[in-house]
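Comments concern the structure below.
Letters are used for the chains, namely A, B, C, D, E and F, taken in the order the chains are written, and counting of residues starts over at 1 for each.
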Amino acid sequence: MLPSRLVSAVGSDNTHTLRASAIAAVVKMACGRGVSQGIHMAKQSSKTGKAKAKPRPSAAAADDTKITALTLEPATLSPDMAAYFAKCEEKLGFVPNVLKAYGFDMAKLSAFVGMYNDLMLAPSGLSKLEREMIAVAVSSHNRCYYCLVAHGAAVRQMSGDPVLGELMAMNFRAARLSKRERAMLDFAVKLTAEPWLVEEDDRAALRRSGFSDRDIWDIAAIAGFFNMTNRVASATDMRPNSVYHGQSR
Amino acid sequence: MLPSRLVSAVGSDNTHTLRASAIAAVVKMACGRGVSQGIHMAKQSSKTGKAKAKPRPSAAAADDTKITALTLEPATLSPDMAAYFAKCEEKLGFVPNVLKAYGFDMAKLSAFVGMYNDLMLAPSGLSKLEREMIAVAVSSHNRCYYCLVAHGAAVRQMSGDPVLGELMAMNFRAARLSKRERAMLDFAVKLTAEPWLVEEDDRAALRRSGFSDRDIWDIAAIAGFFNMTNRVASATDMRPNSVYHGQSR
Amino acid sequence: MLPSRLVSAVGSDNTHTLRASAIAAVVKMACGRGVSQGIHMAKQSSKTGKAKAKPRPSAAAADDTKITALTLEPATLSPDMAAYFAKCEEKLGFVPNVLKAYGFDMAKLSAFVGMYNDLMLAPSGLSKLEREMIAVAVSSHNRCYYCLVAHGAAVRQMSGDPVLGELMAMNFRAARLSKRERAMLDFAVKLTAEPWLVEEDDRAALRRSGFSDRDIWDIAAIAGFFNMTNRVASATDMRPNSVYHGQSR
Amino acid sequence: MLPSRLVSAVGSDNTHTLRASAIAAVVKMACGRGVSQGIHMAKQSSKTGKAKAKPRPSAAAADDTKITALTLEPATLSPDMAAYFAKCEEKLGFVPNVLKAYGFDMAKLSAFVGMYNDLMLAPSGLSKLEREMIAVAVSSHNRCYYCLVAHGAAVRQMSGDPVLGELMAMNFRAARLSKRERAMLDFAVKLTAEPWLVEEDDRAALRRSGFSDRDIWDIAAIAGFFNMTNRVASATDMRPNSVYHGQSR
Amino acid sequence: MLPSRLVSAVGSDNTHTLRASAIAAVVKMACGRGVSQGIHMAKQSSKTGKAKAKPRPSAAAADDTKITALTLEPATLSPDMAAYFAKCEEKLGFVPNVLKAYGFDMAKLSAFVGMYNDLMLAPSGLSKLEREMIAVAVSSHNRCYYCLVAHGAAVRQMSGDPVLGELMAMNFRAARLSKRERAMLDFAVKLTAEPWLVEEDDRAALRRSGFSDRDIWDIAAIAGFFNMTNRVASATDMRPNSVYHGQSR
Amino acid sequence: MLPSRLVSAVGSDNTHTLRASAIAAVVKMACGRGVSQGIHMAKQSSKTGKAKAKPRPSAAAADDTKITALTLEPATLSPDMAAYFAKCEEKLGFVPNVLKAYGFDMAKLSAFVGMYNDLMLAPSGLSKLEREMIAVAVSSHNRCYYCLVAHGAAVRQMSGDPVLGELMAMNFRAARLSKRERAMLDFAVKLTAEPWLVEEDDRAALRRSGFSDRDIWDIAAIAGFFNMTNRVASATDMRPNSVYHGQSR
């Protein structure tokens, strides 16, 4: 066997390939749209053409247009929600697809936004990063594509560490975590996998790691919330905004 | 072996025993409180004393006083929530413990009430009974004591069929359901057990059973919601109001 | 959203409804038959009609007539078994459906009755209530409708505590149990779920909780027995006598 | 690498080794005891000494003396059971350890023997071999050492095919079975693994394979019975008679 | 019920039966082929004919001719592999079917042989028997027919203890193992069942049992290797050489 | 609640942040080392500092220095392997950590490289991308951090589609795949999760999707191989080269 054979697998000419995707990433940000995906693909295929890869449409090609597998007419945004969507556009350059998915009914949309914002952004003994880490570890157990993509990006950005996001999405047990972070995620994932087995010992372990009863509530409520959204996303084949993929890499 | 031996197991003197609990049930309603539990116990033990059962405190004895395993100070109810609690007292004779559990934080309480009421009571292609059937079937998979007790009572009452509530709590597959009901629960429980396996075929099965895309959203959102509340309840050892146990039997 | 909306879900006019079912329960006992179910339904539907619930036939309607999904001709009862059935009628007001199900073959019926009576009624270090608690916790793991209904009623009655029966059927881990009871049920349920993992440590835990080797045999034999009957019941879609549902509530 | 290296693993001089164990097997039969095990070991170690294997005491050394992990005084055999044990000794050359294990209580022993003999030997639409195949396939799912050894020997002997016993113990799906046998085992193993999922479709599949309702009862009852005995054996660390190992190889 | 009924189940006339299979086993060795199976069957059926067993073709009848479910033309053996196969024939009397299965491609065959021989035969802190015990315990978790038969025979032979092979194949937890052996198999089987849960604590447990870091690598590599071969064998329905069944019994 | 609150979660000032990571990505490539990680971190923390995120060391900080949890002295590279490592450095800019992990023993290293190269690079009816898709889907089931990172990068690069790599790692069922790709991954993942259930029907499904028997072998062999490497990596806490994280994004 030729040693050289492994190499071709990993691919020659990485620098060019990478530069291509790095530029594409910047372009993506500029217009915050899957449009850039096209450019990206073109460059890639010219590269990978060399490596005999058959060019293929981006797996995310339609993700920003066909958001779920359900056909539900968008409702007229309430003034509140219209302002909210506008703020998303202004600050993020896009409206998260989950909001568009709930957009067929203003009562459902604002109930969702209300609970989401309270859990993830309101004052808590848990940092915003810790809350996102719970979101991703729970979504990893449930293998939820939408939530892993959207909240994986949030972990990468809030932590300033692209690798931490990958670890939460792939297997949090492989991450180098603080005793506090590990206890928090062990509780959240056990609660996700086998809620009927959670008992006083599990709460005691959190207290031993420095969590207050209010913190325990927040861990439970966030883990519970993503067990809900993971299922809404999976049931409707919800697609994440393609822009998330390149964020904070 | 003596045939008579099975009998003593099932217990003699049922009529008295039953009358005792029937009376107790009525008393319970009158004051809508666990207080009646005491009376109930007394009568029972005199009966079961005969059958050599050691009297024991009701398993629900403290359920109306120590609502969760967490120590969280109740906040002052907002005017909205105060009015809401008052209405519960007036109409139900009690405030559901889940509301008291959320009562330490008005933002969390009203976010919960907002989403709950929208999902379970707002207009939908699903009847209120169908929504409660989903709640119980999901809670059965997750073996959530609080939700099985509270929503099992709702199924018993809304259906006017005490047995239907038991079937949803024990194993919905043993119930004689319509094709529509069965498809709805199969989807909700698969989504609960293995959300990562839910795909277009599962949605197609619902459509074949006459569900619209909006109905599919509602099934998913309700199943998702109880996957959340089951976990909040299990994580905090939430206790159902003891009054539920006797309702609509 | 109107706070009042939750209320209608839990239903107005509980007192009447409850009294209705309480009365129905007494009637049920008097004639020990599903007949009362009819009366009960009528009252219920008039109530729930108000709450816009569509009346539906009792889920247990046919449970006392079509006992299993198999068509097996009843055999002539042997004198022993005839006497035994008569005693059931006299003391309980009914013959448990499981006995009728085995009634197509006297050898099988008496082998079943022989083992059942020895395990559940013969002298043992375990109280009759403890044995019924094992029966229900095991049947809960196996989600066996017949056994949960019939033995759940036995736990309610023997304990004089309706709620204890619910806890055993829903999730024994949520019950406030003695160290002894918990160790007993942990062993029985582990033996049910993953018998291949039961080892000396598990027996040692029972001994530490005060169980003798003979007690350990009895716990294992009872857990084993219900792992058998759960499967016979599930395989044949065995239906519990409808009268059980209202007992000792 | 040297091709010769695999060989030493599989071991040289098989013929001698085999003859050794074959002789040992015959000796075993003659006295129906683990005693022969000693001889067997001696011969083996002289062989395997060559292949550098460290001789070790037979894993079954104590299996015929310390039958379970529980200390339970044998009761005096009732005349019935004494006659039964005598017949076992005369015909089999040994008393199956499960009978000795139950021997601390005559009521339990005769209840067990009564049910066992009815299920496995009484007239049925299932052949005795088919019943033993169910016993082993169920015991394989439950990884029950006692039942796999004792009933694996029965399958080897009744079928006259040593390999069929191995297949039932290892993975029945790998066996070349008739449609009837496969349907029977699929039902028995599903009933073992997930009894709560067994429904009319499963019974219909058996009927399509030519089974009567009475046959379905027998399949369920036998699968159920071994789900019981597997658990009693695992809970007590029951050890199979060492003589079974060499039978019908 | 007649006690005699159990007896007929276990079968009369064991001595003859046993002698029959013992002789068959020797014959098997002589020509190392399924041919002997025929003789064996004849004798068996004459015996079991008495016990009303329907004679049936050996479940292993075709295992030495149709080795997998895939149709792949054997390639010409390379000189290396030809010599290797010749050595197998000379020393074992047969070529293991897994080698024939890989024989359609010399690169794949020699890569497999290379890795197998390094793991199972090269110097290591683990004895060859310990490595085979890992092979069988892992294959038992994966219920791999081929590997259980071939490596079960290796454990029987290397240990000189036929029963140890059965224990590894049925449930290693039922075996009387040294602390070292048990720790090794617990690690290998956890790594097989839930690799994502293996962490530093698991490695620490091995170190506490006297394993070096190099030993840990070897345990992991061998457990990993059989997780590979179990899957190749299951995916292709690979059949073990029938001769293994009678070896070292 | 303020709509603006969700926004801060997703983070202000994305363009800068992104540009930062995009630049970092390019730098990473330039020196193909975790060194760039430092720069990246610096920039990130200045950003995320704004968003109140506590800066933290990269989760991958030590991944290129402490490659496994085992202490094994690197052996002197054989000429073959030295040439191979040199080629990796030249073409990839780094030596994959798995090769360094095996580097303590030349026989094990070359056996691994031999099998890897044959499976992933030798002629096959499966494209190299298809083989990498199997690698990632299998590693996703097993939640193997090392393999998800290294082979996820390969899928991104070979496909020229960063999102396809994410889909394989998160939940292949959410990807828009060809019938052929889906059948291939369904087989590989079933073989990973429950190898004992793979039967002729599964092979037939592959044939219906256009796979030859040789293709089926290759799918099984690759799925098997990653079931091996996933376990070696998990058992040893193997860490992927940090450079993979930024590749082909």
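In the analysis below, a contact is a pair of C-beta atoms (placed from the backbone, for glycine too) under 8 Å apart; a residue touches a chain by one contact, two chains touch by 3 or more.
Bear in mind that the values here come from a model prediction, so they are computed numbers and not experimental data.
Looking at the partners of chain B and chain C together, the chains they share are A, D.
At the chain D-chain E interface, residue numbers used by both copies make up over half of all numbers present, so the two copies contact each other through mostly the same positions. The most distant chain from chain D is A, comparing centres defined as mean Cα coordinates. Most remote from chain C, judged by the distance between CA-atom centroids, is F. Chain C and chain E have centres, each the mean of its CA atoms, that are 46 Å apart. Inter-chain centre distance (chain A to chain D, centres taken as mean C-alpha positions): 52 Å.
For chain E, residues touching at least two other chains, in rising order: 1, 107, 114, 118, 122, 143-144, 171, 196, 199, 237. By the contact rule set out at the top, the touching chain pairs are A-B, A-C, A-E, A-F, B-C, B-D, B-F, C-D, C-E, D-E, D-F, E-F. Contact residues of chain A toward chain C in the complex are 107, 196-197, 199. Per the touch definition, chain A reaches chain F in the complex via residues 1-12, 14-15, 17-19, 21-23, 25-26, 29-30, 40-41, 44-45, 47-48, 51-60, 62-63, 80-81, 83-84, 87-88, 91-93, 96, 113-114, 116-118, 120-122, 127-129, 140, 143-145, 148-149, 154, 157-164, 166-167, 169-171, 174-176, 237, 242, 245-249.
Partner chain D is touched in their complex by these residues of chain C: 69-72, 104, 107-108, 110-112, 114-115, 118, 122, 142-144, 187, 191-192, 195-196, 198-200, 202-203, 213-214, 216-217, 219-221, 223-225, 227-232, 234-237. Residues of chain E touching chain C in their complex: 1, 171, 173.
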